[in-house]
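In what comes next, subunit A is part of two complexes: it sits with subunit B in the first one and with subunit C in the second one.
Let's look at the complex of A and B:
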């Protein structure tokens, strides 16, 4: 297993190098002069020129592109993410809180997604073409065709605007609440974005689990298990589902990580202070260093996703490890 | 239990009845014999047969075709002016009844008709009011009440005069009281206390009432002008003291007022920088001609002198200065927000100005007219036979957006853009996916290895963040249409990996199958095996995934445009029509502005998914098993 994991990580290295080069290229084609952004605008012209030279020396802007690339890579690895022009603080400080918020939101979504889609998917496969299955098929088809922002708007319209049960969006004011009351408020703000993201991710994972289960149930070993006189529960849960897990796990891990990038829109609608929203406001605020760091974070997450899904695949299916 | 039984018996009975009717009236399919049932048919035919057996697939197909017709044929029928803007008509809810004059309203009973942006009020000779059209207001605290909620005291009073602003109404009763209702954010509907006191004491009676979008005013019997509304506007209008005590009649735009004085000259109040202010012909100012009537659009004035000659000046926009040659005697002049109407003595009508809202399209069956009432973009003519002719803006089927643009036409053209962008992105990604997938599967070895690593790299790119960033980094320097191409390329280039992997995997699977071995054994060339025997089996998969992929491109385009990084305004797309819905007021009050385009995105994606699903089922050999 260790050998397998090491092999996977080694394969990822060229991928990582290419992605970092691409991210570096993006920082280079960004409009605006990064040196100028670091300088105070109050300087007089001669002073400014001197300061400009000094600063570009300090930032390594006068070196060759490969040198700049390695310098940039080193900075990224050591957490030197640069300085946010919008927040007037180092990027690393600014993004700590949004990252936590996004992670919390997405973990909630993942838990709900798995809790609902696994049992529903299994049941749909077992009672195929029944009304329960038909309902979830239609449900998943419709939510799968829904843009997350439209679903979010509909939820806001019903639960926040008309019923007034939940807040429209945003984050609770930490000055108004303290202790458990703050946590309670926080959860209230979390509900609608979580539901939006969950509904959309449930839609795809139910279909995947159902199809994988149907395939598994059609296998010969299921017939054998039934012929042995095993109880139906045992047949379904230990024989069929374990085998269905192989395709399911990779896809579920994949969707889990794609959630992070996908939550950009949902966070924007609900004004949830996560990295997606921070990215959008950084782009509108032309905060170049922020944009680059956000992209690095998102790419890191996706590379991790590839790695984790490979490892999970290996864990579940011994055949993958050996080949 | 017995109930259940009864049900099932009833069902059986019902079924047998249905069977009987079917046998009697529905042409029977011939029972196929075993040989024909088992006869071979081409795979394509099987697929088509299976597809058309699937009700959901048919539903998807019908939905998709109707959306295509709606956007592409619609775009040809309904033209769009993307730069069009008309803040007057912003945020009006759906309704096409602006000109639906109640049937029981007779022309001879009408004393006056006044219109706002989307409604009209008729004052009958018996002192009662009749209203029709679409409510322009929302009930919002400290901002507005419904125009259609006529206050009880107005209903009880004997009304002698009315005036309408864009979204509010003023009424004057026979005791000299002025009532106002509707939109009141600037205090348009409440008469200031000092004016009310003067009116109450009987020193001054109301000679004429005027209302514009933001303000209301009266001209009193002391030939003075009282105005209320937003401070900056009313201050601008009050400056000229020399005219006080001489005012006979007003005509108003939003920022200027033309005042007709008792010596037959004209003075302009308000914004000094406009042609409205500076363009007044000299002879109208020095008293060498006697003006008897004035009318004003938002930016232009039309004046009639005692000789029957017309003068016009103001902004050159909307063809308002292009007054047609008028021969004959003028009976009355009137103006809407962007057009002029002149009634001639013989009952005919001359009209010019903007025709964006059909203001100039006179009804075909119109006879001679004795009176005209024009306001905003609605026109009413009372015929000599007592009938009421109505022309102008009928309304908007799907309402208007924040700039007063018709939602329906934007939806049609937005659909064209959204469907096209998605389609071209789809083509780009499918071509890349096919090339990469086929090369990978066909050549194998290091080509396969390199290409799959490239696919890995592309899959590690987070879609929305990178799309947004690229749009920011490159998009700034591009023109609007180039940005649209950029979106297509971004969508296409970031979306081919899944299909490429599928194609490669399928190719590998097919390559190992027995029929390939058989073909090889027959001595068929490698190339031919590839093209004639393997690829057709891969293409089934491609077609299904391309159809499903189209749905996801539609969603991605909508998402990007929604964030403001896709198709950029003013070019409409279903996604960017929703951008303004990030504001909670829009979600709360203007449902038609986000729900309708949102539903279009959902329906288009749903139809593509339904078709894709049905295709997959139709192509799945397991579905053909018995």
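Let's look at the complex of A and C:
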């Protein structure tokens, strides 16, 4: 198993290096001058020249491309993610708060998703074509087909505009609330985006778990287990669910690593100051270093998710590591 | 199964349709304009002393101690102006720094000596023509931390803003650039700033360089406020001699880096009506500064806290109607304004903005080099339709680079309207102009173009003698409907004059890159010659920096317009003696006329901004296009509706 893990890690190193080179190259190909983007257009020409020179040195743009790349890579490894041209401050400072907010939002979503989708998916498979299964099939089909912005706006109109039970969007303000009142504010603002994201994610994971369980329940060893007179609970959870775990583990590992991935549309609609909203602002504002650093970060997360998935596969199914 | 599916879908549809009903449907339907708001009695006690109520309805609507404002877009959190140009940060910056300066700006856009700050001032002109203003400060001016504001702080602001160390720290400031010795001090070749002198704790002087005078808006040149020297650079002192002043501080560079990296996001010592509390998650919170000296009229703020919170543009009007927001300044979209006007619990105040929308042309490159082409394009767009489409009719047409809010227009608007050509969609006129340009042939470059053959499908175009078609590459921001209507208009009208008008919708930065720095691009890389954007007009109107040939091949004169007559008029305009309003207006009229003759840009509209407030907010009638937000806030108060 150790050899298997080391082999997987070694494969990932060149992948990561290639990703960083590609991302760095993309930032250099992108139109626009990042130094110029840092300066106001109101400066008079002599002021502009001085400011341009100072900013260029500060951002390291006066160095050669390889120097810039290795400087950037070295900085990334030490946690320095570069300087945002849009926010005019270090990327790490800009994303610290949004990434925390995204994690907070996603923790709620993941808990709801796993708590609902695993038992429901299993029960749907066991009671296939019953009313319970039919209900969740329709539910998952409708919510999975529905764009998140539409669902989010519907919830806003019902609960914020018509009923006025919840705020339209935004974040709690620690300057005006403290203690339990502040916690209460967090919950008020969290409810609608959490419901939106949960409904969408539940839809897909229920279907995956249900189908994996149906496949497992159709296997010969299940028939054998039942013929041996084992209790149905033992058949389902010890035999069928364990064998259905490979696709389920993909969902679970993917979900856990998606903690850091922001939902651009939902966060924008609900004015949730998350990483997805920051990323889309960076793209529209052509904030090169922000895009580059965040994509590197997300690539790293994805690569780690793949690595963990592979390890989990190996643990669950010995055939995988032997092959 | 089918019944269950049908039932579920029916429930879903009911949910969706109920959700999509307009919120304003509870308001009475009427085509009459909203009734004028009544002026309520002022609250007997400052609202700030009340405790927020939190039971029932919107928590915010019932909280009379806090004003919730939507800045309109995301803030960056730059609360010292020299580090960022995000206009939305300005809502907080203005509250923190106020108009605490030697010169204040009135709601009409005039500049006056700020008597709340300045006890006395004198002027003196030396033999070389340099003019020195000596200011004596009032007693009792305090920073938000209780420390006194002294003349050193004013001198420190002028020196720090112009210093090379400040530039190295990443700041970009134009403060002090009219003063004597600015260039030498700014580029580091002089140790002292000749035009700035500290006389004593209460007195300092600023000397305007002779070559900058006369200047109509002379007060602007000496409009300086204080920076908290004890907070930014605790180790610094000011050394002032006859040769000028300088900052003496061994740690200056490190301290300014600290300003750039830390203080600018949370300035704790400021002089304005409010002081900083926090900025987190796109929410900036400020609270009353008890030490604020008052506006230039001596007013103090009445609302205890102000929260500037980003609200998505799509739902900000709903947030106001729901009471989640108290103030939505400068709403421009008709659907928002109409929804707010239709609601029973909001009030509005509309005014034409201090600016206009335009199509700018590159006057140094491409077909738009020729004024005939520019005029032809002006005759190929229906500007009324632009206003109707983009702003629901909330706005008016302008024929030059001016705004209805400018004092010159208020005084001589009728004269100007008679002077300028009120152009509008006229394909025949466009063809007349184009026949005088080099694009007057068919594709063979010889046969004269026949306007009667031109059709809307764009198959019959104009060519020059080299056989090149008349193609205009236009770029506009994809985020504005103005670009949409420009595309609609030109796609329909331009082919009728044989013009191939191609519109690209891109992000705003790409637009600005091509507009401001097109002159730096090679002919192969340069592509666009037409750009649509909005343009704000400062109260101190000085077109010199935007259109004078002194600024050719710089981003200041982005149009790259060069005309000796226009140059002369702009110099004459800025060099009008202060106070000689009649002479200024005469020159301004000539400038506007000449500008229109050259048509370096097509002025499209001056749209209306509407400030919208929740019913518990009073005092919005003090808002004008040129009102300073830090002064406006002192007129606002909250009370039960």
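Everything below uses one rule, namely that the second predicted complex is superposed on the first by the 274 of 323 C-alpha atoms of A that agree within 3 Å, B and C clash if a C-alpha of one lies under 4 Å from a C-alpha of the other, contacts with A are read in each partner's own complex, and residues count from 1 in each chain.
One rule holds in what follows: contacts are C-beta pairs under 8 Å (C-beta built on N, C-alpha and C of every residue); 3 or more make two chains touch, one makes a residue touch a chain.
Given the structure is predicted, the values throughout are model-derived calculations rather than measurements.
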- Examine A:156 and indicate which partner it touches, taking first as subunit B and second as subunit C; both and neither are also allowed. both
- First, second, both or neither for A:279, with subunit B first and subunit C second: first
- Message: Touch test for A:193: subunit B only (first), subunit C only (second), both, or neither?
- Response: neither
- Query: So, does A:268 touch the first partner subunit B, the second partner subunit C, both, or neither?
  - Reply: both
- Message: With both complexes overlaid on chain A, does A:147 touch subunit B (first), subunit C (second), both or neither?
- Response: first
- Task: Name the contact category of A:247: first (subunit B only), second (subunit C only), both, or neither.
- Result: neither
- Query: Of the two partner chains, subunit B (first) and subunit C (second), which one does A:314 touch, if any: first, second, both, or neither?
  - Reply: neither
- Item | Most subunit A residues touched (candidates subunit B, subunit C) | C
- Message: One more residue to check, A:31. First (subunit B), second (subunit C), both or neither?
- Response: both
- Task: Name the contact category of A:89: first (subunit B only), second (subunit C only), both, or neither.
- Result: second
- For subunit A, which residues lie in the overlap of the subunit B contacts and the subunit C contacts? 31, 142, 153-154, 156-157, 160-161, 168-169, 268-269, 284, 286
- Query: What part of subunit B is in contact with subunit A in the complex they form?
  - Reply: 453, 456-457, 459-466, 468-470, 472-474, 476-477, 551, 555, 558-559, 562-565, 575, 578, 581-582, 584, 587-588, 591, 594-595, 598-599, 601-602, 605-606, 608-610, 613
- Message: For a test of understanding, state which residues of subunit A touch subunit B in their complex under the given definition.
- Response: 11, 14-15, 18-19, 22, 26, 29-31, 141-142, 144-150, 153-154, 156-157, 160-161, 168-169, 260-262, 264-265, 268-269, 276, 279-280, 283-284, 286, 291, 294-295, 298-299, 301-303, 305-306
- Query: Across the complex, what residues on subunit C touch subunit A?
  - Reply: 1, 4-5, 8-9, 12, 15-16, 18-21, 23, 52, 54, 57-58, 66, 74, 76-78, 83-85, 164, 167-168, 170, 172, 174, 177, 183, 186-187, 261, 265, 277-278, 280-283, 285, 305, 307, 309-312, 314-315, 318-319, 321-324, 507-510, 512-513, 516-517, 545, 551, 554-556
- Message: Per the contact definition, I'd like the list of subunit A residues that touch subunit C in the complex.
- Response: 31-33, 36-48, 50-51, 54-55, 58, 86-89, 97, 101, 131, 134-135, 138-139, 142, 153-158, 160-162, 164, 167-176, 181, 268-271, 273, 281, 284-286
